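The next part holds the structures, each set out as structure tokens.
Two complexes are shown next, each including chain A; its partner changes from chain B in the first to chain C in the second.
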Partner chain A sequence: MNSTESKTNPDMAEMTDTERLKEIIEKLDDVPSLPTVVAEVNRAIRNPRVDANTVGQILTRDQALSAKTLKLVNSAFYGFPHRINSVTRAIIVMGFQRVRNLVLTASVLDKFKGGNVDFDFSSFWKHALGSAISAETLSQELKLQESEDAFVAGLLHDIGKLLVVLYAPEKFVRIRAIVNKKNCLIIEAEEEVLETTHSTVGAWLAKTWQFPPKLTQAIRMHHDPQSVREYYEMTYITHVADIICRALNFGDGGDKKIPKINDHVWKALKLDKNILDNVMKKTLEGFDKTKDFLQLLQ
Partner chain B sequence: MFKERIDILEREADNPTLFQNEIYEGFRQQAKFYERVASLHSSLPLEDMGRQLFKILGEVINISTLELVKWSATDRAFVTAAAYSDQPPASELKCNKNLINWSLKNKTVSLVPSDDPRCLQSGINGVFILPLIGSEGKLGALLLWGNYTLETSSWLVMHMLNFVAKDISGVFENIILRRRSRNIAELMDGIIECVPQAIMAVDMDNRILACNRNAEFMFDFKRVFALDEHYTEVLPEKLIPVFSSLIMSTISGKHEIDYETEYPLADGTVLMIGISTSLLYNREGNAMGVLLICRDLSLSREVQKLRELDQMKDEFVHTVSHELKTPLTSILGCSETLLEIRHELSDDFAEILDILVDSAEHLKELIADLLDMSRLQTGRMVLEKTPCDLRHGVDEIIGMLENNKNDCTLVVNIPEDMPPIDADYDKLKRVFQNFIGNAVKYSPAGGEVRIDIETAGDMAVIKISDHGLGMPKDQLPFIFDKFFRVDSSTTASIEGTGLGLSIAKHIIELHGGTVDVVSTLGKGSTFTIKLPVQ
Partner chain C sequence: MRKISLKEIQDGMVLAQEMQDDKGRVLLKKGDLLRSAYKSKLSQWGIEEIFIVAGSGGLDGETPNINPEDVKVTTAIIAKYERLLEQKFCDFPDNVLMNTIKSVAISNLAHKEAMKNAGF
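Right, the complex of A and B next:
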């Protein structure tokens, strides 16, 4: 009952969600935090006059993160013809936005690479990475702005699931049992157990981590795209990318179902079979080159 | 542009004071910059666009050379479309193709540091690559060479350059499309002008929309006065009924029509013209007029008729010559019998007999010539090659000419070790007879005719020279044509068919040889025949 209401009235839903969230989050001993340089980089590039050197210097303070970022910068996925040896150079070659997003990717992958729980992190990240690539490809294919951001939105759309897995493992076990038994969508099982979904949990985390609002919104609404009231494109893209990735059977999306692409989204993005075929083809090609991303999990 | 500002504002929402001044200044600079970039448009010549862009960008970054490269699918390379530079010229700089491709694939403005000593020497340490992407894929890139510090590449500058890349992509694509459509239009115009038929298009109100040069010729009007006029005002009166009914039935029947009609010209000749019509459609697929294509049929018919006649003539000559041979053989046989009793005849009858024999012999030669010519033309002449002794051949001809050599001295010069050549002896004799006979025939009484034979490599070279009449230079190219005779008052008295040289040349060519002539009027001629030894 509540879930149908929440679809028609997001504000109300947010209030009740927040209350439910509190219950879970209050139980968390330690809210996962990202390296401080991530926030600093985010803050630095708000200044339009900031130069590559300054951002580079901030990043170099966290040597481990810089090294991981450079590994991603030089991965086959981006395929730059020369080796890039410093983050500063990475910024001038690839742009501020993309390097910022790679820093974010590297730190999130690092934070959630595993835990003392019965959960296949590798499958989870494969699904996430696949969604990231298909979100970026889709937004390029549709000639939308800021395809780099679509990559991050795709990568982190299910981040809430990890929070549940790591910080409420017993609840996750119940969710998984329901999914297996009823063969339903994971969000339906989550509603039953948590009275909220991984989208809401993920959005809360994104907000805590000071992600850009459009990213937070895309994470929150990717299962309910037609209720979105701002940042339509990013949310729609994330919704479609998630489904494409399930169709391509990359990793594990939490359940075995391939939901239908929302009609409203289909019309709004002016999708057609050709576009989807193209995106699928390019996603498959891109996914082959993401070895370096998955290595960060080891 | 507006959206970017909003994005910045949105980012700053949390902290409105911290970067306020910076942002304000940034906005002012950006707004001015964007306005100037957006003022560049596709009707500017590429060079002017390069110069203006150089100026605008020069105020933001320390740029020394601007280069616009275009992707050429044929060459699989980026080629310079325009360049503007303080120094050094763009031709000395080279950006790695892979880097440009990377930038295009990732749709990212990149600053690539350069350690090329030539660049460093001219104070260049890097290049900004601005990918130019059109609606149908990669167009090329804008390369900005210059001396950049890391501070140059601020977030704002990268953002501005991204804007430039997007804006210039549009401008550049328009320029390319415009050029392409202009080229196609020119090409189509050219094609329509060159078509060897008269083309005319009329609209639904029967006004002339377009026509080509051949239409002007065929219907005798001037295009400038014809366009937009009713065709009945322009076309010759006699054609108007035909045209109106063709146009009417094309429109009403909505199909193509082929029609032939007579078209009497002012000078009395009558042209046969073929007219094809079809409906002309506009882009929306609605009929907008009628296209008429007219061709002159008389010309092609004439040629066809001539060809048929030529073939008939060849057959006629062959048949007649063949049929003439039989009665001629009887005449020659009878004459020979009569020659045996010549001494018994009175002087008058003996003379008549001589004339009879001479004429019959001449007729025999003539018929032989005609038959040879006809065989050569129809490809029925076959060579029967044997090893031939040239000296023997020449001697035989000289023997034949003994009674008819016009008191000429024949000087023969053949080396002792002259090898025999592989040829058809009878045909070769005809060749010699022709050239040597001609040399004697056209020499003054008592003149000298030289026959020099030698080998040069694997060819036998036979030179026949006389000091006779010679031939005018302008007639030399035609002397081997059939029935051609050098036209001059002095040659008129010398008889011949004009087939000899033509046949001789054909025979030489059948043997794989060549024949050349050098001749000076009044001084004599030299024919050089080259024949392969083997």
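Right, the complex of A and C next:
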């Protein structure tokens, strides 16, 4: 919880994240869990001596999820010359991290592909995918480690918005009305209605789903990157990727505005016009090849 | 229809013309689905180039007859994206970094549209 929220409601400081969020999101208990194999794969790849076959066997226990993962593996986005027919083969070619991230991507897209609410899920996921590609490209361009994890951070940075849409739909209607009336950032309207933001809600989900701490942190802090004390690179990348994606008009970030880039982040990442130009160019090219990702929503 | 070299063959491309060997025997029929695995066999038959149906195998269509570097970004396209991003960026008229982001985004979006208009 950040200091502003503590000041607005001191009683809440004593409560746990879950208890506090239950007051905001009435149906929090209904939030789905991820398929069990996701956690099993996460556990397995933490062992440095694990082999591709073992992880492949775990994954194929969930045939539907394996098939969806293979659809992403074989998408134009990765552009392999030959079809990859098994998850074990995918792990050999792409590595544990990347396949794990695609499993996670397929699971989350599947869980949050729609609902009985007036909300454009496709535009939401276009913004998420654009941010994912932008985050991965940016970390590759800056030669940062674990650039494949940046993809997931970009993809899920706004996942809290979907939780509000699906599990507190009446509050979301109020948030959208404020955004339209004031032409402000969605985060400002969320503060007004929820006294918290999608970043906090998303981080709660990431923690509940046992995502790695750096991913949880990037989701929690992407609008306040300067306050981060650990895993700062992933948070900085996510902050910039969100802004790049909004500047390139991919999908819908929930409002018609763009958040201001943090000066400290720009300097810390040693960003310049050329880097930005390369990242935007590659992001635009990559975004054209993500049809298979969006098809998982159908 | 589009002519490609053997090394460009990708899974899912569709053959646009029947292929025969030098004795007139049909090797592949018009409309056959190509596989990258055919490359070596076609090469053994002495075939160097084939005709495929444009747009098959993930290609967007005929390759335009101009050099990508010669594609011109018109002021009209730039103006379109300037208008589009104006409202988004209106809170930061004097912020150097936000202006940089805006101008790089406009230039990339406009370039992409010009390339698309030219058939790329």
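As a working rule, the second predicted complex is superposed on the first by the 273 of 298 C-alpha atoms of A that agree within 3 Å, B and C clash if a C-alpha of one lies under 4 Å from a C-alpha of the other, contacts with A are read in each partner's own complex, and residues count from 1 in each chain.
By definition in this document, a contact is a pair of C-beta atoms (placed from the backbone, for glycine too) under 8 Å apart; a residue touches a chain by one contact, two chains touch by 3 or more.
As the structure is a computational prediction, the values presented were derived from the model and not from experiment.
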Fit or clash between chain C and chain B when superposed on chain A: fit
Angular separation of chain B and chain C about chain A, which is computed from CA centres of the superposed model and rounded to the nearest 10 °: 40
First (chain B), second (chain C), both or neither touched by A:258: second
Partner chain(s) touched by A:87 [first = chain B, second = chain C, both, neither]: neither
Touching partner for A:213 - first (chain B), second (chain C), both, neither: first
Which of chain B and chain C A:276 touches, first, second, both or neither: second
First (chain B), second (chain C), both or neither touched by A:78: first
Partner chain(s) touched by A:98 [first = chain B, second = chain C, both, neither]: first
Touching partner for A:47 - first (chain B), second (chain C), both, neither: first
Per-residue touch tally on chain A - higher for chain B or for chain C: B
Which of chain B and chain C A:147 touches, first, second, both or neither: first
Minimum Cα separation, chain C to chain B, after superposition on A (Å): 10
Footprint overlap on chain A, comparing chain B with chain C: 81-82
Of chain C, residues touching chain A in the complex: 10-11, 36, 58, 84-85, 87-89, 91-92, 95, 97-98, 100-102, 104-105, 107-109, 112
Residues on chain A engaged by chain C in the complex (per definition of touch): 76, 81-83, 243-244, 246-249, 256-258, 260-261, 263, 266, 273, 276-277, 280-281, 284
In the complex, chain B residues that touch chain A: 3, 8, 10-12, 15, 19, 22-23, 26, 96, 98-99, 102, 105-113, 150-156, 158-159, 162
Complex contacts: residues of chain A adjacent to chain B: 45-53, 56, 78-82, 88-89, 91-96, 98, 140, 145, 147, 212-213
